[in-house]
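Just so it is clear, A, B, C and D label the chains in written order, and each chain counts residues from 1 on its own.
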Amino acid sequence: MELNAISIGFVVFTIFTLGGAFGVVTTRNLFQGTIWLMVSLFGVAGFFVLLSAPFLAAVQILVYIGAIAILITFAVMLTRSIARIKERYIRTLPNFIASLALFLILLLGVTIPIFGPHSPASIPEYVASTRDLGAALVDENGYVVPFLLASVLLTAAMIGAIFIARDETT
Amino acid sequence: MVPLWMYLAVAAALFSIGVFGVLARRNAVAILMSVELMLNAVNINLVAFWRYSETGTDLLLNGYVFTAFVLIVAAAEAAVGLAIIITVYRNRRSVIPEEARALKG
Amino acid sequence: MNILNEWAFVGLFAVMAPVFPALPIVIAWLFRPRKPNVLKSSTYECGVETIGDTWVQFRVQYYIYGLIFLVFDVEMVFLFPWAVAYNEMSLFGFVAGFLFIFLLTDALFYAWKKNALDWK
Amino acid sequence: MEELCTGLCSILVESGADAGLALFLSLLVGVLLVSGVPLITVILLIWIERKVAARIQDRIGPNRVGPVGLLQTIADMIKLLSKEDITPTAADRVLYNAAPLVSFASVVLLWAVIPFTPFHYGVDLEIGALYFVAIASFGTLAIMAAGWASNNKYALLGAFRVVALLVSYEVPLVFALLVPVLLAGSMSLVDIVNAQNAMWFVVLSPLAFVIFYISSQAETGRAPFDLIEAESELVAGFNIEYSGMKFGMFFAAEFLHVFTNGIIMAILFFGGWMGPLYYESPLIAFAWLGVKGGLIYLTTLWLRNTVPRLRIDQIMAFNWKFLVPLSIANLIVVSFVLKALQELELAPRDILSASFGDLLPTTVILLLFNGAMIFYLLGILRKRGREARRESQAARADFAQPAPVAGH
């Protein structure tokens, strides 16, 4: 791997993504956990840029850092005694070993044997633009059904969540 | 150029960390955050496969669009999941999933 | 400049941007007086001692606003590609986008009718 | 900056530097040049802000340091440098210190995509408009982090209110932003300006501009939406525990954000660098952008110093029950009418190459529809105002009349 903008970016974003993820699972303070989650997801957005999908990176930042982070924080504050829980990890060692085993299986069993030698030597020159995405999303031969179903899902999620979260007593 | 398998390796690591969080944490909000990590690991894989796939001349947007829909589902999941956590907390003063067993027979 | 150089520029900008505000803060750190005492660095509360915990109970309404925002945020983001492709779009595609907006407006009206939009 | 970067890059490569290093250096120069613009303006902005506020309030304003007080900001900076910087013991130190940096950086980062002239800009991203919204969300997170890290009741409560306000007003902001994107058929800010060659978007869709203006006023936390510094209710809001230069950074970020929004509005709705003779010299083009942005900025200052603060329930009701439905309706009407016109071959499908004559029918019809909507809205507002006045009068009458005393 030669030294260029992409490889530097890759290393930096790997540190962001995995470091943030470690922060999420290890910190006991939920607000800090949220910030770590955002660091991690920012790294993922960086990967999207490296993979020439800047639109997805912007969506990632808008949806996660702009909205879900805020939502998690609100929820944490609403359930305030969460912060005071002296949370013990349950079965830390077996769980750690299990996760490590999963990682090794994925890495040594799937990724490297299958995609290591057969990794594509080059990447396609042409990348789909946002306009292509927009046209495909509402094309009758494209993704119009999932597009509208997503809208239905969001509506249902919003109605359901409001129905659940509303405090009828006050 | 970064080879494809390196992206997949990072995604595998992220997924495993998420799995550890889901298994080892007791707090429902922390579990939800770990699930988000796992979803994002999947997204990295999807976008990486999309980018590296040989499309030839015609446009293939499957991976791209799929990622977008995973994002939508993640948002819906976070909204409803957190709402449930808030309600459970309000009724039972607890955010530990094992303790919410009202529906258990 | 190709597309990745553009993003290299943005990346460099993102690295540099926090440096600009950090610079005066560091300079201030070099020059400023340091005379801390217990009272000075205690939490402020109208000049009296802090009572209780910072984590006062918040209204669920904050969460509901956050929730509606999240749903609309996701919706708006997916309207951007639609808007970009708008000019070359067939009538069918236009109607699909229309339906997409319409379905979510439904949810807003539900929230309205349920008084979930009131600050209480 | 494109020519400059590639030019510098090739010079460096010719003089024997490594290609990667040359690229890095030229990008660095570009970054410093682009970010220099906001950093220099912010010093001037603080002076303008204070001077305008003083004039509106019938005062003189800063007039001691330098000619007409121009160096007041420098004096303030020196003062802030010598201020003791207190970090409360209860604070979360890392987040407490990071929050002002992120807050300021999120505003400076916006300038990366701003096209100053047709050829001078940081980058012309394909997703420019979306970048603008995405970067703004870092500012929201910074405020949240500041409020939480201070570990203070007022700070946390203030941060919560501000964040609720910011996220709420982002909805109409983005719906209004969709209109220029839709008209130009591109998210790139350079394309959006070029698409206004024949007609400014403010003429095609004045309602979108009004919505964008109101919600960006809220996004910057300016009156009547200035919950950020509701002194009387929350003491000072999320930045109560901050002092010295860190406090100054929050403030500089706010001032800069207001001006940046003025520039963004000039780009989205007022044709950016477009104006007589803009093609003659980049300086004229740059001046046009500055003048338009500056004028919009001045109106926001005027508004800030004129209107009183709203209560949070009023702010929220105004947003969710008025602005959001209105912005959605506006998007629907504009997209519907434009599509109908395009199908009838009355509107051009490619606005970039359209001339004034091509756009004339579109302009007239869109203006008519906008006018109808505004007329209808004013009707609703008048009705609501009348009801509110009647209610408040009834309440006052109840209050004046002593309650009937039982017994006797």
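Details
The rule is short, and it goes like this: a residue touches a chain if its C-beta (ideal position, glycine included) is under 8 Å from a C-beta of that chain, and two chains touch if they have at least 3 such contacts.
None of these values were measured; they are calculated from a predicted model.
Across the two candidate interfaces, A-C and A-B, the one carrying more C-beta contacts is A-B.
Look at where the CA atoms of subunit A average out and do the same for subunit C: the two points lie 17 Å apart.
Centre-to-centre separation between subunit A and subunit B, using Cα means, comes to 6 Å. Chain geometry summary: the mean Cα position of subunit A and that of subunit D are 29 Å apart. Subunit C and subunit D have Cα centroids lying 14 Å from one another. Within subunit A, residues 5-6, 50, 52, 54-55, 58-59, 62-63, 66-68, 70-71, 74-75, 77-78, 127, 130-133, 137, 150, 154, 157-158, 161-162, 165, 167 each touch two or more of the remaining chains. Across the assembly, subunit D contributes 23, 125-127, 130-131, 156, 160, 167, 170, 185-187 as residues in contact with two or more other chains. Shared contact sites, meaning residues of subunit C that touch two or more other chains, fall at 3, 5, 7-8, 55, 58, 60, 62-63, 66-71, 73-74, 77-78, 80, 83-86, 88-89, 94, 97, 111, 120. Counting only pairs that meet the touch rule, the chains in contact are A-B, A-C, A-D, B-C, C-D. Within the complex formed with subunit A, the residues of subunit B that make contact are 1-10, 12-21, 23-27, 29-30, 32-34, 36-37, 40, 43-44, 47-48, 50-55, 59, 61, 64-65, 67-69, 71-80, 82-87, 89-90, 93, 95-96. Put simply, subunit C touches subunit B in their complex at residues 60, 63, 67, 70-71, 73-74, 78. By the touch criterion stated above, subunit A contacts subunit B in their complex at residues 1, 6-7, 10, 14, 17-18, 21-22, 24-25, 30, 33-34, 37, 40-41, 44, 47-48, 50-53, 56, 59-60, 63-64, 67-68, 71-72, 75-76, 78-79, 81-82, 85, 87-92, 95-96, 98-100, 102-103, 106-107, 110-112, 115-116, 119-120, 122-124, 126-128, 132-133, 136-137, 142-143, 146, 150, 153-154, 156-158, 160-162, 164-165, 167.
By the touch rule above, subunit D contacts subunit C in their complex via residues 2, 5-6, 23-24, 27-28, 30-32, 34-35, 39, 77, 80-90, 100-102, 104-106, 108-109, 112, 122-127, 129-131, 150-154, 156-157, 160, 164, 167-168, 170-171, 174-175, 178, 181-182, 185-187, 235, 240-241, 244-246, 248-249, 252-253, 312-313, 316-317, 320-321, 324-325, 328, 331-332, 335-336, 338-339, 342-343, 349-351. Of all the residues in subunit C, the ones that touch subunit A in their complex are 3-5, 7-8, 11, 55, 57-58, 60, 62-64, 66-71, 73-75, 77-78, 80-86, 88-89, 92-94, 96-97, 99-100, 103-104, 106-107, 110-111, 114, 116, 120.
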